[in-house]
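The structure appears right after this line, and notes come after that.
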Amino acid sequence: MSEQKAIFEARGIEKAFPGVMALKGVNMTLMPGSIHALLGENGAGKSTLIKVITGVHLPSAGTLLLDGTETQFSSPRDAIAKGIGVVHQERNLFPRFSVAENIHLEQLAAGYLKPINYSALNEGARPWLEALDLDIDPATPVSELSVARMQLVEIAKALSLQSRVLLLDEPTASLTSSETERLFTILRRLRDGGTSLVFVSHKLEEVQEICDRVTVLRDGANACESRSMDGIGRHDLVQMMIGRAEGAAAWRHRDTTGQPEVLGLSDVSTSLGHKGVNLSVRKGEIVGLYGLVGAGRTELAKAIMGKFKVTAGKVQVNGKAVTIPNVASAIHDHGLGYISEDRKSEGLILQHSVLANAGVPIWRKLAGRFGALRDKRIHDAVLPYLQKLEVKTPSLNQTVANLSGGNQQKISVAKWLAAGVQFLIVDEPSVGIDIKTKAYLHELLRELADAGTAILVISSDMPEMIALADRIVVMDDYHITGEVTNSGVYDDISHAIMGLIHDAEEDSGAVVPLKEISV
Amino acid sequence: MTRHIQAIAMAAVLGTSAISAAQAAEDSLFALIPGGPHPYFSAWEQAGADAARDFGLAGAEYKVPQKWELAQQNQLLESLLSQGYNGFLIFPGDPVGAVSTAEELSSYGAQIIAGAGCYKDPSPAAFCLGTDTGNSAYIGTKELIKAMGDGEKRIAHFTGFLVDPNTQLRIDAVQRAADEEGATVVQVIADIDAPEPAEEKINAYLAAHADEVDGIVTTAWVPAVVAANALRKMGDSGIKMVGIDHDEVLIQAIKDGIVDGTMLQNPYGQGYIGSFALDRLRSGCTVKEDAPFGSNALTDKFIDSGTSYVDASNADSYLEAMRAETEKLLADFESTYLSCS
Amino acid sequence: MIQISRLSRTDWFGPLLATLIAITVIQGFNDNFLSPFNIQILLLAIAVNALVAFSQMIIIAIGQMNLSVGAIGGLAAISFVGAMEVWGLPAPLAVILALVIGVGCGVLNGALIRITGISAFVITLATLSIFKGINLGITEAQPFYGVPDSVKSFGAALLVGPIPWLAVPTVLVTVAMWFMLRRMPVGRFILAVGSNEHAAGLSGISVGATVIIAHAVSGLLAAIAGVLVVARLQIGQPSIGDDWLILSFAAPVIGGAILAGGHVSVTATLLGVVIVAIITQALVLFSIDPFLVQVVLGAMILAAVGLNKLRARQPVGKGSA
Amino acid sequence: MTIQDINSPPGATGGLSRTRFFLSNEFGLILLIIVFAVIFGLSARGFLSPFNLFTLGRNSAINIMIGLSMMTVIVTGGLNLAVGAMGVSAAMVCGWLIEGLGVPWPLAILGGLAFGAALGFINGWMVVRTGLHSFIITLATMSIFFGAMIFLTRAEAFRDLPAAFSAFGKMKFANYLSPLLLVTLAVAVALAWLYRATLTGREMLAAGASPAAAELSGIRVDRMVILCHMLSGGLAGLAALMLVARNGAAIPSMAGQLGQDWLLPAFLGPVLGGTLLQGGKVSVLGTVLGAFLVTMLSSGLLMLQVGAFWVQTFLGLMLLVAVLLDKARRSYLARRNLA
């Protein structure tokens, strides 16, 4: 294998954006018939590198070599034509178009006026869907698919290009474990056929399972360049990514049984289809709400917050039965808070400043006479929390959209710390978060709970659940299927949880309810 | 206060004359301002040029607001005043709303005459030189009823924008004429002073009710043209029609016997005589207290610029007829309406 | 049952239902409504208005707005007549000239939007002023009368029964639009760009070219509409196009178009035009107080759109896909 | 780029905020206004005469107010096509209160403004309840409001208003300052304060920028949308009342057929001024400057006597040039900043 010539090389790639140097001379060499891991924390420059390689961005400096000859990609189309395919991290499908059309859009771009033959298009799409064991009619509009299936269609689209180099940016983010396994089988097959694959993921287990070579980026530079995975363990990878050893605090037993209940649901049904939900969260307790994507967890959280209607049953806050008419009332009258899994559209107001975002929930508290608000007061109120969370920003007037994903997540947490709520729902806290921030976030949530906040953590990441929660409540198909008290022992607990949802997963197979799509 | 304003006016005039030395302060520089772009007023351009040549004016220029909009007209007037124009023949964008601007112009010493339409009294305009819209609609309707002869007399009335207060006057006048002659107005269609809605609504109406109508009277330019075309398209419908103004299509339809006649107004005469009168007023003449003004709904200082009914018999010579009318009015205009020392 | 519920989810179902109900009710009150002459009048109005609506629809499809639709149509209309009257061009050449001008205006819009990156709203607001200004500058608000008899007779001639010749170009355009948006890559690209410009770029679609093409098509359709209006009115009025704007948005929107882009329906837009035409005519047929016409029209638009919305609303939450 | 930076107080002075000002729309507009003022002053006779400056101020006062009325709805990411119809309706109500009911004029003015706000409430309520885009709702209500107004008034103007009205419209301070301009500037300052330093204004901006995020952060988004529309209605009413003062009568036609004549000034101010059509970002100063620039351009063009029928073309071209220049200036500065 070492005798082979590189199929693609990036040498000394630099990329500058206004105010930021995203890549500072990065190298990467891709071999045919190999799966190459590209790792790094958020903001390390992985996505930027991928966009340079696939013709989305022009590099500010450096050269790209294809089969040893220097090349330049003027557009994504150009890169595709030269055999570079990609599955981007963000969703790039057109929901109203059919699966087949989405898969073949690139090929259609060859002629603007040539009429489309839809039956040929559908036939052409079928092999790629079958390759992924996707049993869907190619004429189905993408909007009717589940998130996981959309992800797979996106991969099918990349496969259909039959590229020599195929980059996959977090392809497994919304896949179940069995779907991931299927994907891996296909990737291996492609590898054996001589394709050069680049695999980006935060899940190091997956990286170790499938990749044979690795490049690690840290702060826009190489921490390691295109070396073999042989002999590299998880700890080595983490060390290269964050520059020091992983130091996640372990789970510790906390006893909160004596504490009063902050939030209690008894026999609650919602307009979204939840039936007979019972849930209790005590002061200082961290309760995990585990379930697969589409199980109705986020919806339950939003119903608690008053966004959706509770149609039956009793909601109690601090032991008193309440009806929460809207989210504003939940926050301001009852001291409830909700950190959305979807930072970009629900958690933050991207085009507003750090200061504005961090202060939203406390504006009402800080408003003076005639509703006057002074920046100084907001500043003083939120600054300690932003500092505590080590938010990196040139100034508090910076637009949040310009910050990295990790910093954005920190701000969306900081605003609830500043609000000082008594009950906090944290929805998928570590989606898109790098290892360092994740560990930090976990520590913070524990600290918060120790200080008396009741916390409900929603997650489909089993290790995270087991590292954080005191109790784990399992939800499936809009029902609570059971509850497990956390002992901190991964194997026991994961077995128990899987046991609670296993049967349901088996027969729900075909259509997963689709409420957690975020477009 | 007046001294103050005069001083400013002087300063303005001096300032402007300094920039353009070609223009002497004494010169009469007039502007003829319609309410907006409309074919009716196009005769004003020639009339102004003729008047400037005939009476030795520095200029009598036809300036059109970009849109049929009071604010646009006001802005144009303000701008022209700043540029040193000192006499205005204005079609008021609104009989009341335009008074305020006129007062301002007049406070800077400019002479104002209302042309084609009138200001509502009291206004600084010396007088109103125009067509009595209500009367014109009245006469037109009478002529139509005459043309319809005996038998049933069911009239449809097509007119212009409802926001134009003249429209209500016209609706009333047509009704009055019909009542007097025992005819009935079966339908009023308004808001069709633009070609497309006019086309759509008039045709739709005729499609459904052609057999229930004996005559059409139109009191706005575009509906007249569209209705004439519609009748031509329908062929022998037996429907009589009297239009308004002098669009080529309409005149041709009269010659071809499709339309019975039209109520002509005299825009050229308004422009020409208006410019003449502005010049006389500037050179010291005043309006006679006891001048034989007519009166209408808006003003008691109304001078009829001449209305005439044109049918097939004089459709070829209507231009000469209007010129003759203008000459006649001009001949004793000064002695009748002005006192010059 | 499934068939019906599937049917009811299409864009054109609501407008079609509204159209049928309106026709039945109006015919019930007034026998003349479906008389051949009245159908002819309706078709004439629809012929032009459909083109105007399509001209806007194609821009809505890419998620933009074109405020200059009417100004382009007006400019094309007066160029058409002006070329025949002043230069003595034969009618077919004048038509081509007018269409070229329309396309040119559209390309200018598209190119400015693309090159500058300024929002279409602002650019077309400025070009609206420019195109309308050129129109007024050329005509000085005077109509051109030099419409040759060939054009006039085209405007008045009937094809079969009550169907006027003027409807022919519109039918062709409707079919072409449908084919383009359904079956041709360029149409799919327009929808793709409207749906997600970023993703379209990543899929290898040239966003710039697509935007410019959409605006060129919009300009072309506006120009055709302008020419048809001339044939119908038999004069070249400078004010042609002045009141197209509201209609151009109302019809696609009644037809379920999403203003954010990516979704339009040719059939439903056409039905939207039909509904507006029927309402306008019904108000005349029923001799409704002219002062009330606007109120009724506004309420009708609201009702039509509301109906559409109600139909499209699905139960939220579990199981909705 | 480190954590220490966030210790500096908000709105910190220094290099960054100064470049930010030079990059801003407002600065670009000021530059353009100065450039065009010099051009017109040198080449158009009478442009700098006191009367012209007076009328320029008075006309821009009304245009700015119309722009502000639109701006308050653009904040929510919506549009208000009914500004003209609402404004005229409010003015007609004010006229009717005075002439029909004999209400004293100060009360009648308040009544007119309240009526404008009430119409705004109808718009906002329908937008919130139906979930339809405000473009469609206001397209329909434009017809409805205007039609109802025309139906009720039979297109008759209210002409016997107290002399105070037209006296106010013609009043001059120091020869060239119209009190109408002062009213507008006062409103602009109040709006700037609202958006910059009050709970309500901040919540409006947040609700406009991202309704989902704002709601989950405890903001009553629906109320804010309704409030924005009410504010728009009130300001439209105020603009119309200023026109009443200027004309001395409440005329149904003062905003044209369906009130459409207001649409152009309504959009030009906010759009040139850098208010995002997507909502959530607002520039009151920009709107004021943008509306002023447009008014000045059209006045200057009339002065230059380019030929009445070509004015519109030139106005469009200048707008285009203005927007392009501004864009070029900002990308130049951004590039230089980067290097």
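By letter and in written order, the chains are A, B, C and D; residue numbering begins at 1 in each of them.
The rule we apply is simple: a contact is a pair of C-beta atoms (placed from the backbone, for glycine too) under 8 Å apart; a residue touches a chain by one contact, two chains touch by 3 or more.
All of these numbers come straight from a predicted model, not from anything done at the bench.
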{"item": "Centroid comparison with chain B (C-alpha atoms), farthest chain", "value": "A"}
{"item": "Between the pairs C-D and B-C, the one where more C-beta pairs touch", "value": "C-D"}
{"item": "Gap in Å, rounded to a whole number, between the CA centres of chain D and chain C", "value": "30"}
{"item": "Rounded Å distance, chain B centre to chain D centre (Cα mean)", "value": "35"}
{"item": "Between chain A and chain D, centroid-to-centroid distance (C-alpha), Å", "value": "42"}
{"item": "Touching two or more other chains - residue numbers and ranges from chain B", "value": "37, 64, 66, 162, 191"}
{"item": "Where chain C touches two or more other chains at once, by residue number", "value": "133, 136, 140-141, 243, 291, 293"}
{"item": "Set of all touching chain pairs, with the criterion as stated earlier", "value": "A-C, A-D, B-C, B-D, C-D"}
{"item": "Touch list for chain C against partner chain A, complex", "value": "179, 183-186, 188-189, 191-192, 195-196, 198-206, 209, 213, 262-263, 316-321"}
{"item": "Residues of chain C defined as touching chain B within the complex", "value": "30, 32-33, 35, 37-38, 40-42, 44-45, 48, 133, 136, 140-143, 145, 156, 229, 232-235, 237-240, 242-243, 277, 280-281, 284-285, 287, 290-291, 293"}
{"item": "Footprint of chain C on chain B - complex, ascending", "value": "37-39, 42, 64, 66, 162, 187-191, 194-197, 199-201, 203-205, 207-210, 222, 225-226, 229, 233, 247-249"}
{"item": "Sites on chain B touched by chain D in the complex", "value": "8, 11-12, 15-16, 19-20, 37, 63-71, 74-76, 78-84, 94, 96-101, 103-104, 108, 120, 161-165, 167-168, 191"}
{"item": "Footprint of chain D on chain C - complex, ascending", "value": "112, 116-119, 121-123, 125-134, 136-137, 139-141, 243, 246, 249-250, 253, 259, 289, 291-299, 301-302, 305-306, 309"}
